[in-house]
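In the two complexes below, chain A is the common chain; its partner is chain B in one and chain C in the other.
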Partner chain A sequence: MKHDEVDFFLKETEAVRAEIRAAADAVDWDALPGIIADRAQAGAPKTGRVPWAARLWEGLAPLRMRPVLAGLLGGLLIGAGAMYFILKAPAGRAGADGAYYASGEFLDRAELEMARRNTLDYLERSQYMLLDVFESADEGPVVPASLRTERARDLLQKKKYLNAQLERLQMAKAKALCDQIEALFLELSQMDDDLAAAELGKIRGYVEERQLLLKINLVKKELQSGV
Partner chain B sequence: MKKILLTVFLALVFGLGPGAVALRAGGQQGGTDEALFREAKLLVFDKSWKAALDKLDELLDRFPSSALAGQALFYKGECLDGLGGRERDALRAYKSYIRLEDAKPSLIEESEGSIVDLAFGLYEKGDASALKDIEARLDHKNKVVRYYAAYKLSFVEDKKEALKAAPVLSKIIETEKDPELLDRARIALLRVSPESLKSAEESQPRAGLTARTLHIRIRGAGQKEPAFSLNIPFALADLAFSALDEGDKAAIRRKGYDLNKIFSELAKTKILKIAGEDGSLIEIWID
Partner chain C sequence: MSDVPVRRESEAAEIAALLDRVQRGDREAFMTIIRRYQQKVFVMAYSILRDREDALDAVQETFLRLYQKAGLYRPGRPFQGWLLQIAKNISIDSYRRRRRTKLDHETSRPIEEIPIAVEDRAGDSAASDLRSAFSRSVETLAERQRMVFVMRHYNELPFNEISETMRISVGTAKSLHFKAVQNLRKRLAPVLGMQP
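Up next is the complex of A and B:
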């Protein structure tokens, strides 16, 4: 072989090598085994009737090579199915047959309204209780100790329910005041003997010092106006 | 004894303002169990949980046989509960208190309620096993505890668990007369089992309207299907109208309707239709 021929041969070899490199780069080596397997399956002789599911799967075979696309298609199908059922079932359907029905959103608003009303009621009852203590401090016990204890316990029970509601509904100002009154009722609920006027006077002093009745009125006003 | 304690408590809280403050601020060691207890109670009243807890711990350490040790345990629960982050310790304190022979009924009730609240809080933080403490109280001998446990359980997100509250809530509707308690039980049952509410209401020999069902449908302009739908016991009618969306309430008011007018119209007509200015339609009927 002459020198020119050798030179030409080497150049051509280099060109072919570059082409091979480009072709190799174009191959997705990770997916290649899957492609080979799919083609081998596709080329295999079919015996008897192929089930519809297998045919469908076969049709979707290319997607197996593209998990992202397969996932996307799956998501679209599920989403479309969900939309179909959502749009098919009208909002009023839930209670159309006469059974009781209320949405979660409505129940939350009902809870809020109930909390407002019950807090108002609690504060009013607390006011009566404190006024009774005031009166008893001036004129001696107006109601028997056992009744006062019972009332205090009743208010403590009501407060338990309010705690759950006030915490959930973020009525912080009302809760702080109710907490303050509750501590007083916890003490009164444990006293089954008649308290002396002097002792009742001290409670009165405490209530006045902390302006609890004024605070009760202010919070009541806010709750009455729906704040 | 109780009167003496209260007198001293009141004297400290109400009468000896500056002295009490000094005592509190100084944190000096009280001489007796009674003194420690009084100081702790004052601190509890002011929600100074940590300082109160220190006093109560001192009392329990120095005077374990004191007649006040039991109550100290209850207030210890209050402090641990108030501190936050020590819910399990608070639970232990309350549980220890209710096991005491000389525990006071009012404080037992308070402790049981707090146990339910604490267990619910732990459940919300991811401890599903905490619900056992609430479930165990569904058949408590004290109905106050039973009712509260059922009410609280109705808020549990796991509907299967929440459904366990249904029998107690139904019982409230069937047997109780307190309107506040009844409304709470109705709302709670609507949340967990509307069908249980229906059968509980129907088992009641309530006269007239209260035994009936109130229906409200609100449709947007040109909409065939309602955007809002409600079927509830008539007993909740007042609450239902108050809990309507603000826009819908305003539309009803603009048309000159209030609750009384709605009810008087419903007595005359089978179905009340209120057309809004924007083309929306509110339908109300009772059956």
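Up next is the complex of A and C:
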């Protein structure tokens, strides 16, 4: 470096140093530590600084100059928002119209109600069936034997589906009664068309002995009072 | 035998003790550190920002950051270098922000309001022109070159302290300084009538 260049640099850097010294002389160095300590202990926000939102905007400033990146970022935000609403919506709609959703307690109550109605229906049909047997035993067949057999089979079938409900819902009394009736229907379903009145008499005796019609009435009342 | 290493060790131990107290919320310890280093931090900030108020903001910011991050100081490291590094980073952030704001401001102004030439200083003297040309040339240096030049000539820091502050080797600091001076020569050649 030539002599005049060195001179120039020395002169200029000395000028800047003088400027720094002049600026420093104007500062109250005794007060500054207290001011800073107060701010530190108060956890004060930075004075003369840009707030965080503005800083964020400044951080995003390059995007303003890059439409593609800005577009991508915008797309990501819109996509994330759309996914949020899509994933959230079904639960909201289900809850709104009740078409898809029911609580466990409600389902239990509905199942119990169904079992009660099915049992009542079964006992009522059984009652009619047994009354037919009683009449037939007294006065000869009031319904064709084939129809009686068909009804007996129908009731046996119905009882098969009823069993699961009666067991699961602990309707023990109704189940015990239905089981006894089932045994009778099993015999009736296997009787020949030319079954003698004596055979029907035996069944009638069995029903009377066990007071099945009375029991059916009692259980029916119990079930009806629970409806 | 020199007693410099012994003095450095005792200073380091003292600073470590003060920082320990600062972490426990000791106001007096914090103020002791501020009193000891505030002017050095100011010179660093002013050298970069060339504005008294901005430099004072940077000083406050530097010590507030020290207060929050006192626990991050590793005792083996020179404290002054670490603190000046914080000051340098804060000042550079502030400088960049200010420059961007200025640019935004300029681009948003009507063309007739933007000055076509550099502002005239009082007296419009040749010396004033040279000074502003020099300042502009220093500002346009690459950031690391500018930092080394500023620390070496305005802060009058030795190369070993520059290397500590910038976390570079002494050799790199010297090399950056050489490049800075070369670039300044090139940029100022037309003004000074020198051979680039």
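To be clear about the criterion, the second predicted complex is superposed on the first by the 124 of 227 C-alpha atoms of A that agree within 3 Å, B and C clash if a C-alpha of one lies under 4 Å from a C-alpha of the other, contacts with A are read in each partner's own complex, and residues count from 1 in each chain.
As a convention for this text, a contact is a pair of C-beta atoms (placed from the backbone, for glycine too) under 8 Å apart; a residue touches a chain by one contact, two chains touch by 3 or more.
Remember, it's a predicted structure, so these values are computed and weren't measured experimentally.
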Between chain C and chain B, which one touches more residues of chain A when both complexes sit on the common chain A?
B
Mind working out whether A:R109 is in touch with chain B, chain C, both or neither, as first, second, both or neither?
first
Which residues, counting only chain A, touch chain B once they are in their complex?
90-96, 98-104, 106-107, 109-114, 118, 121, 149, 152-153, 156-158, 160-161, 163-164, 179, 183, 186-187, 189-193, 195-196, 199, 202-203, 205-206, 209
For the complex, which residues does chain A have touching chain C?
1-2, 4-5, 8-9, 12-13, 15-17, 19-20, 23-24, 26-27, 29, 32-37, 39-41, 46-50, 58, 61
As the complex stands, chain B meets chain A at residues 2-3, 6-7, 9-11, 13-15, 17, 44-45, 47, 104, 106-107, 109-110, 113, 117, 144, 148, 151-152, 155, 180, 183-184, 187, 190-191, 194-195, 197-198, 213, 215, 217, 224-233, 236, 239-240, 242-245, 287
Taking the complex as given, what residues does chain C use to touch chain A?
25, 27, 30-31, 34-35, 38-39, 42-43, 46-47, 50, 52-57, 59-61, 63-64, 67-68, 97, 100, 130-131, 134-135, 153-154, 156, 181, 184-185, 188, 192, 194
